[in-house]
Every structure is written in C-alpha cells, then in structure tokens.
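What follows is a pair of complexes built around subunit A, which joins subunit B in one and subunit C in the other.
Up next, the complex of A and B:
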C-alpha cells in the first residue's frame, strides 16, 4: 500500500511539473497554422466598383492567388505596399485585394497615390466576409493555389522574407 | 379519448421543445467567444472592431438556423480552438476533460483504502 501511495505521489508531482512545462512553453498568440492546407472557404464578395461579385471560381484562373486584406487607414498596409507592387509583376500570381472596412474615396486616393497592384479589387464594408478567412486584423494575406488550397497565411505586413518565400513557392 | 389527449400533449410538448432548441441566445455565444485582439476579454465584454464584426457574423449564423455548437465549430474552424473559452471535446484536449474524473476515482479509492486501513 505504501508503495502505491509513493507511486501516486510521484505521478502527481510529475504531472504538475508537466503541466507547468507545457503551460509556460506554449505560445498563446493566435496561430494561423490550423488554416494551412485547408480548402478556401466559399465566399461571394462585391467588387470595389459595385459592378459584380467575386467567388471562389475567380481564383481558379491563375496558378496562384494572393488575397490581401488592406485599408487606407491602416499604416502597416502602406509599409507592405511596395512589396505588393513588386508581386504584381509576377505573371503566375494573381492579386485579389479586399478593401477592409474603408471609405471608397480614401481607398481610391490610397491606390492612386501608391499604385494599384491588384488584378481584382473587392471590398468588405462590414468585415463579415473576412471572418470566413480567419482575419482578425489587417494587413493579412493568404496565398492559395489553383486547387484553392491555402498554402500560406501572412499576419501583419508582408516583409522581404515573405516576398522571397512567395517567389520560391510560385516559381 | 385518453389516447387523443396523450397525442395532443405529445405534439404540444414536441413543438415547445423544438422551439426551445431553435432559440439560440447570442449573448451566451458572445460570452463564450474570446476577443483575439483584447486582453482577456470576451466578445461580449469588448467593443473592439473585431468583436463588433464577430457579433454581426454570429447574428447571421443564428438567422441561418445554425445551433450554438455549430457556431462554435465555425469559429474554431476559422480561428482555432483558442477563440472558444470552453473548448469542444477532441483528441488534443481529451486529457483536460477526462483527467478530473480520473482524479476523482483515484482520490475516492485513496480515501476509501485509507479509511478502511484505519478501521
């Protein structure tokens, strides 16, 4: 009986240490890893000029698509803009820009000042479409392939490393 | 006559229970969803942009006829289990759910054997 109690106490202490170890080493930041290799969600988003709607089918036209969520009021979006402009020159990559909770006039000014890198431009006035893509702040970008599988998700402004990563994937 | 009365009661009760099932409380769902851009706040407590959007999406999902569990599943699918304060049972967190019962059984066994030995 004494032996069993000792084993139970030992097991209990090991368990407590294990829980502390897992708890202290676990990254509690929001991770996007669960979305990788998943299918692109069904969506129907209105174009920026209100002329038509874009759906999943529009993303099948190119080998790769980068969906970029941006807004004119978002300072980090300005930082990543030169990278988007460079990416727009790649023929294998289509850029779908989703203007997030923004005013039309300000968004237009943003693009006329800094350039328009997008092949397709849509808008999400109330942010509801963005939830389908697991967006919680902008800028965020999602790289998908022709089979509409999410290859990579970038939270925050695209960096030079991200640019190189995208180029490596698409070429 | 009795059979008819029973049948009537059954229909009325079924209708009430179905209505109760369909009645999803958005506030309860907001309280069980974590605001990802806030410090330890739920969607219900937060007025952030993210919380406002999630509230709109929850309303839409309720209008579409989704149940409470289906809404949690949708949110977990998009943002991971971290968004739900009370995670759904799955293999990764099975220990979290099962361990208290195991501890209870072991504790009960321990107390029982201790008391038996003293007697």
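Up next, the complex of A and C:
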C-alpha cells in the first residue's frame, strides 16, 4: 500500500513538472488566426430590452456584421466607442452589440452619454453566450459576412487602423 | 570597471560556496567540533555578496549604462531614490538579493544554533550552500546583472513608471526575506532527515526562522496590497492575481508550520509533518518564482519574463522536489498520533487542515490555466468568483475553530466552560443584528462571516480579561488572533458598505448621488522631472454635513519609457476612504471618473500590521527564553 502511495506521489509531481515544461514551450500570445474562415457558431441571445431573441438568421440579412462585445465597466470600451460611432454610419455594415456581464442601468447610461452605435443590441448577463464566440476579455469584436463566415477578429479596443481595415473589407 | 568588479565578486562567491561545502564535508567526517575556518568562510561569503550588491547599486547610482541591466531599468534623470530601488526592481538585481539573503541566513543559522548537534548544523550549511550555488550559477550564466552591452548607450530605457513608487521599493525586499528565508528551514529539514535529528529540540533550531520569514512575508504581502490599492486604480486591494497567489501559497504553509511546531516542541508529535511543511514552504517559494519569472502566466507582475529562465528554475525546482521526496521516502516512519478529540493538539491539526485546504484551493486556481492551456489549447483564467466561492464559506468555520482552539488543554480531553461560547455566539449575532438594523442588509454569507469574525474577536478579548486575572498572558497569540478576526470583520464590512459611482463629466459639471455631489472644478497641466501630469481638482461634498473634500486624481504621461498612467486620488480617514480615478476619453472633452467610498480601509492595513506585531512578540519572547 505504502509503495502505491509513493508511486502516486512521484507521478503527481512528474505530471506537474511536465505540465510546467509544456506550458513554457507554448506560445502564450493569444492568436485569433484559428478562427478566421470558420463558421459563426449557433447562438440565441436575448435582446437588451428583453423583447425578443437574436439568432444567426438575423445576421444573414446584411452584407457584413460586426459583433462587438462591450460593457459599461470596461475602460477600453470607452476608448473604442468613437470608432464604433463612425462605423455605425456605414450602411453596408450592421453592428450587433453584446453587452457583457453588465448592469442594465449602467449600460443604458453609457449609451445615452456616449451615443448608441448599434443596430441590434443584445445582452449576455452571465457571459455564457460569449464563450461560444471565444471571448475572454472585452472589448472584442468579430467581423462576419453574409454567409456567416468569420472574416476577422479584433482583440482589445478597435484602433484607427482597425477602422480603415474594416472599411477596406466592406467596400 | 564596475562590471568586472561585480563579476569577480560573483566568481569569488562561487569559490567560497564550494570551499564551504568542501570544508564542512571534511569536517563532518573527521571531527565533531566545527572548524573556525567554516565560520570565517561563511562570514566572508556574506560580506562579499553584500559588497557585490553594493557594486550593482553603485552602477545604478552613477547610471553606468555599459551594464545591460542598468540600461534596461534606469535612466540618468530618474530620481535618486528610484535609481537605488531600481537595483532590485528587475529580474537580475532581485536574484542577487536572493543570493544575499540565502548567504546571510546561512551564516546566522550557523552562528545562532550552537546548542544543536554539530553534524546537523554542518549539514544544514552544506545544503544551504548547494542552494546558494544553484542561484549563483543561475545569476552567472542566465541572468547576470553585470552583463555588458556594447556600444555603450548614452541613455537608459527607464524604469516602468508604475514601479516608481515608495511602496514598491520596499515590497520586493520584504517579500524576499520571507520567500528566501524559507530556504534555511528547507536545508535544516533535509539535514535533520539525513542525521536523524528528530528530537523536540529540532523545533527550537528552526522556529524563530519560521517566524522571521512569516513576519516579513506578511509585511511584504501587505505592502504589495497597499500598492495595488492606490496604484492600479481599481480600488481593490486583492485581485487573486496569479502572482499575488504565489506569495500567499508559502504564507499558508508557513502559518501551518509554526502552529505545528508548537505541538512538536511540546509533545514531540508531528515530526514528519513538520518536515514536509518545511520542504513545501521553500518549494512553493521557488514555484512562485518560476511562475512569475518564466512568463508562463499573464499577470500585472510579468514585467520581465523569459522562457529560458523558466527552464533553469524548473530544473532547479525538479531537483529540489525529487531530492526531497526521495529522502523523505527513505526516512519516513509511520507516526502514531494518539490524540484526544478535544485536546490542543487536535485543534492545531485542524488549523493545519484549513491551511492546507486554502493552499490547495489557491494553488489549483493559480496553475489550472497552465494545465488547460498545455493540455487542451483552451485559455481560461480563474478569477475572484472561484476563490470567493470556495474560500469565504470555509473562513466562517475556520474563525470559530480559531476562537475555540487556543482554549483547549494539552493532552486532556476536557473543556472548561462550554456554556460561555453560547453567550459569545449570542453576543456576536446580536452585534451583527445591530449593524444590519442600523445600516443596511447584506447577503447570508456576509452575515455568517461578520458573526464568526465577531465571535473570534469577543472570545479573544475575553481571554485577555481572564489571563490578566491569572497573570498569565500570551500576548503574541491573542494579538494576532484578535487582529485576524478584525481583519476579516473589516474586509467584510468594507465589501458590504463600499459605494461605487462611474460618471462621464465635463469641466465645471456637477453630478449628484445619494447625499453627495461631485464637481470637476479645474484641470491643470504640470511638468515634473520625469513626467507630465494632467491634474484634476474635484470637489466631493457631503450635502448633509456640508463637509467638503478636494481630491486631485492625475493622468500622468511618462517620457521614459513612454507610458500613460492614471493615479488615483485617495483621501484616507479612520472611518472611510474616498477613492477617485480619472481618465480621458478620446476625441471628447468628457472625462471618465470613478468615485468610490470605501469604509474602514485604514483598519484593514492596521489589522495586518497588528497580526505581524503578534508574530514579532512571539519572536522576542522566544529570544528572551533562549
């Protein structure tokens, strides 16, 4: 019995050290390249005012859709907001905002103070829907086309370069 | 020149370590008396490594940019104080600090433990010097602070601005004394296993070292939290960040260790458990270093990370772990604990279970992301909800045990006055109801936490009264236990009564909420030596009492390196803190301000300081008794 325990302890530490070694040799940078050209996942997400649900079908109506994950508590979201406002003027692009783990009132204040760029606004109160899109920090944005193929994913606040990039793609 | 001098001193230290190992080993074979030469070598070793560190400090002071470390972490215009603090504010310099502490502890342990078997002392010295050698090789071949750069740059890159801070200047040295101090009882534990020195007196050889490292570790964690509170601008003081966790892990082990040592000293029980804790503590310290320095985890602390360092520390760590396990397996004998259910020994064992529970929880949360990343390609991060959900409910039970445990008697299975706890509990519940009734309601869990914290506080205070009567007062224990109760109480109340408001505000505009109004009165631009600052003047007015507070949050633009930081303005009083941060919004004349009212913040810090005072009192009384 004692021998078995000893072997288990030994393997336990070997396992941990092995994992540490694997972790070291892995690239720690978050890469989005694996998502490109993939199909948009199935989702059903409740609208911000609780009146209805949005699904993939809602995204087929437009040439391009930019799904933007944001929250009122997120400072970088404020930084990218002016760019979203500018993008909202483009007819070919639909903006779907997903309010992430936020309080309704604060989200409303955010939009009334800074402007509402979104054509569709949904909310993901506990962050479960966003997991399907591979979101783990906000802001993140995903650009998809009519066929629901992911064209680009932006991690962090949209920059002026990102804006120009999006414009180039949709025009 | 300084580079050569530093390198020579490092080599000298390698030679000194090797000769200490050699001499001590020979001494071990031929004689029972410790050769005077060993003392001398050990003293020279400590002195030369300190001089080596001063050489590095000198290089920072005179801005000798021929050294890569100075070039990367300093700048000729940096204030004098931060030039010095910059010495250990980077990976290479801080490793040198490790080596210093390893050497000094090695020397002091040798000098201050004359009553213990010489074989044990010599072997401890040998093991400690093997550790020192490991670190010296790491410094020399991977992270040499004296490496040169050519051509010599005319100016340095500067120190990360958020590190240019008084608290952060003392945070690493404090923490290192804790982290690295654990090395000496790691070495002593190995030596004790090899020489079969398992008598009660073994505990006397290490208990003060455990206490010293524990006090410094606690202070280091405190200073780090205070820094995070005012510098990171989130208004929190603990984020369950992987690196914060790394400093907490050895702390749990140390806390368990010095409680177990009490039993070992008194009853000669738990010998192997004490040894395991000694080994775990330093192993966790090195694991923490591995996690921070290798860049395997992302956190606010990974300012300097490099995988090649990781490999080196990992090899070092593996040798430590497998060496210890191998030795332990060879020497382990089953111990029979014949404990009475209500004896003091049992309660201390219970304390240890709790500590191990916290340790495993935090360890799991910290390294889980590495596992999922390495095995499944999924990146996840374990955040505060995990820790809060698992740790806090258990704290409730822990506090109750912490209140009752010290009253138990050694060996005996008897409790005096069980009924009194019932009254204390009623008192605690009553006080909790008072808070609930007069202020506001809070969650069920918060209720339990407040009640159990009050329970611990009241019963500790009653201990004082009782002990004063008998004239037998264990100040150290009472102060640290009571303060821990207060710490949990204040953290609980702070969490419950904190208010947070977020506004976008223009110059001259006023926002109102509850009985407060906030006005952004002016914005100033000021030039400082190493940065420019936009300073806001905001008036916080309590409409009921007409009390006015002016807060000046800053947006700082540092030149070297070019960085933007947001400095919180904090008004501290004994009752509450006002906490305000301001950030600019691009292409708009609005500023985003985040206002927080945080009650009893100062008392959280004071409680931790009191816990440390408790620990130091024990240290002093031990010193007096020896």
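Heads up, the rule we're going with is that the second predicted complex is superposed on the first by the 144 of 171 C-alpha atoms of A that agree within 3 Å, B and C clash if a C-alpha of one lies under 4 Å from a C-alpha of the other, contacts with A are read in each partner's own complex, and residues count from 1 in each chain.
Here is the rule we use: a contact is a pair of C-beta atoms (placed from the backbone, for glycine too) under 8 Å apart; a residue touches a chain by one contact, two chains touch by 3 or more.
Remember, predicted model here, so these are calculated numbers, not experimental data.
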item	value
Contacts of A:127 with subunit B and subunit C, given as first, second, both or neither	first
Subunit B versus subunit C as contact partner of A:101, first or second or both or neither	first
First (subunit B), second (subunit C), both or neither touched by A:24	second
Which of subunit B and subunit C A:78 touches, first, second, both or neither	second
Partner chain in contact with A:86 - subunit B first, subunit C second, else both or neither	neither
Winner by number of subunit A residues touched, once subunit B and subunit C are compared	C
Contacts of A:114 with subunit B and subunit C, given as first, second, both or neither	second
Subunit B versus subunit C as contact partner of A:152, first or second or both or neither	neither
Common interface residues of subunit A - those touching subunit B in one complex and subunit C in the other	28, 30, 136
Of subunit A, residues touching subunit C in the complex	6, 9-10, 13, 16-17, 19-26, 28, 30, 72-73, 75, 78-79, 81-82, 106, 113-114, 136
Contact set on subunit B toward subunit A in their complex	36-37, 49-50, 52-54, 56-57, 60, 77-80, 82, 106, 110, 113, 117
Subunit A residues touching subunit B - in the complex, by the definition given at the top	1, 5, 8, 28, 30-31, 34-35, 101, 126-128, 130-134, 136-137
Residues of subunit C that touch subunit A when the two form their complex	290, 294-296, 298, 307, 310-311, 314, 317-318, 321-322, 325, 329, 367, 370-371, 373-375, 379-381, 502, 504, 583, 585-588, 590, 592
